[in-house]
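There are two complexes below, and they share chain A, which is joined by chain B in the first and by chain C in the second.
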Partner chain A sequence: MAERPEDLNLPNAVITRIIKEALPDGVNVSKEARKAISQAASIFVLYATSCANNFAMKAKRKTLNAGDVMSAMEEMEFERFLQPLRQALEAYKKGQKGKKEASEQKRKEKKNITDENDKSRDEEEDEHMDDEQEGENEGEEEDVEN
Partner chain B sequence: MPGQKRKYNVRFPPGRIKKIMQKDTEVGRIASAVPIIISKALEMFLRSFLTMTCKITQSRNSRVMSINHMKQCIHSEKLFDFLKDLADQASTASTSECKCQSHFYSIICENAQVPGKKMKADTVPL
Partner chain C sequence: MSGKNMEEKVEQATNSKNISLPVSRVRLIMKSSPDVSCINQDALFLTTKATELFVQHLALSSYKNGSGKETNTLSYSDLANVAEETETFQFLTDILPKKILARDYLKSLEEMEKDDENL
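So, the complex of A and B:
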């Protein structure tokens, strides 16, 4: 697989936005400094990943989770990030739950419509419930093995 | 959305973050919430880094943040120790020679394009 340099860089648009919002009016950033900021961002991700992964491995888990990232932030001495990160995590979980409920609701509605047309659906409904539960578990993890 | 003070477009794409994380060969699976959290942490880190560097920029009565200000910031804050390699290497034009202490910067290096040099041709597409 050919490696492209952009793959390890984060989008300039986002970085530029953060720069604009962090600096007071009138202060600009040199071209070299901009590049260095982008590199610093990638290094931060790698460093945080490595730290977080150590926690996962210690716990003999193969999946890196949000808790590992929190532990990593503490280890990296970014404790003041923890509170906002926890909030972000809660918001994300709520969002996911909402999406799941919405799609389950749609599925149920669809089923109800077809149920009216067909009488003996009990068995199939149970099977369907199992599928949904499996779907829930799969939704939490992404298979990104190397 | 109620209570949303979200500034637009400061969230990094989860897919890109995951790609960077996967550069670490020891990393296995990644829960879906992780890139979201990392994105937020990254945003906060950059803001801190920029704010602290900006103080140096202003203390030198400059309107342009330069590499030197960043280097000074990195060297003066223990929090940014992990960026030391970046600070040491940043002023050199080519990134081909990396005497790196922490191997994170070397990962960035090997993926960086060196001016005047073609990309390696020995990577065969699968």
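So, the complex of A and C:
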């Protein structure tokens, strides 16, 4: 699988949005500047990864973990990121845990329902019910994210 | 923290874990780095979030450092300037070189050659 240069770029639309949100209202950004920031962001990822990897290797680990990334930020002199990153990570973990528990709960509930229905319905109807349940899942997940 | 109501907490949580950059793309870039074998999910999230913070920081710093107030535009030269002048952005100098006019470059080449002749 060959890696083409464009594959290592981040999507322009998202980069543009982040830039606009950071700058005061009404400020324009030249196309050249946008492209440059996008490239800088890719370099940042590489630099951060390389730095974090050094910490992992020092600890004789093969897997990069959250602590390595935090250490890398400090090393790169981006201490200003540490606090917001910690908060974001906490919220992210809570969200993951919540989703996991919620989907496990749903699975349990469905199992109870389908167990009861299995006795009375044939296979075709079960497949139809699975589709309906998937639809329900998507709806519920959207609520959680909002 | 305990004073906040449920709604606020949920909103804050969604905003904090809400990242715009695609995690899969960030992962791709990370994997292209030599010697990197596995990346833990939390590490991937943090790197993605950090990159967003970086984009904000670079854009705002460049704008503040530049002549933005007059032109109301963030230009490439603002970025190149901040990369050269600010220590934390110096790793970007290779990809954000300052631009000079061709004739100025040729002029400085000529002067360099004259210096060589004089030596």
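The definition used in the following text is that the second predicted complex is superposed on the first by the 104 of 146 C-alpha atoms of A that agree within 3 Å, B and C clash if a C-alpha of one lies under 4 Å from a C-alpha of the other, contacts with A are read in each partner's own complex, and residues count from 1 in each chain.
One rule holds for everything that comes next: contacts are C-beta pairs under 8 Å (C-beta built on N, C-alpha and C of every residue); 3 or more make two chains touch, one makes a residue touch a chain.
Not measured: the values here are computed from a predicted model.
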Clash-or-fit label for the pair chain B, chain C on chain A: clash
First, second, both or neither for A:50, with chain B first and chain C second: both
Contacts of A:21 with chain B and chain C, given as first, second, both or neither: both
Touched partner set for A:89, first chain B, second chain C, both or neither: both
Touching both chain B and chain C, residues of chain A: 3, 7-8, 10-11, 14-15, 17-19, 21-24, 26-30, 32-33, 36-37, 39-50, 52-53, 57, 62-66, 68-70, 73, 76-78, 81, 84-85, 88-89, 92-93, 145-146
Residues on chain B engaged by chain A in the complex (per definition of touch): 7-13, 16-34, 36-38, 40-47, 49-51, 54, 57-58, 63-67, 69-70, 78-79, 82-83, 86, 90, 102, 104-105, 107-108, 111-113, 119, 123-126
Residues of chain A defined as touching chain C within the complex: 3, 7-8, 10-11, 14-15, 17-19, 21-24, 26-30, 32-33, 36-37, 39-50, 52-53, 57, 62-66, 68-70, 73, 76-78, 80-81, 84-85, 87-95, 145-146
Touch list for chain C against partner chain A, complex: 12-14, 16-17, 19-22, 25-26, 28-30, 32-33, 35-40, 42-43, 45-47, 49-60, 62-63, 68, 72-76, 78-80, 87-88, 91-92, 95-96
Chain A - residues contacting chain B, complex: 1-3, 5, 7-8, 10-11, 13-15, 17-19, 21-24, 26-30, 32-33, 36-37, 39-50, 52-53, 56-57, 62-66, 68-70, 73, 76-78, 81, 84-85, 88-89, 92-93, 96, 139-146
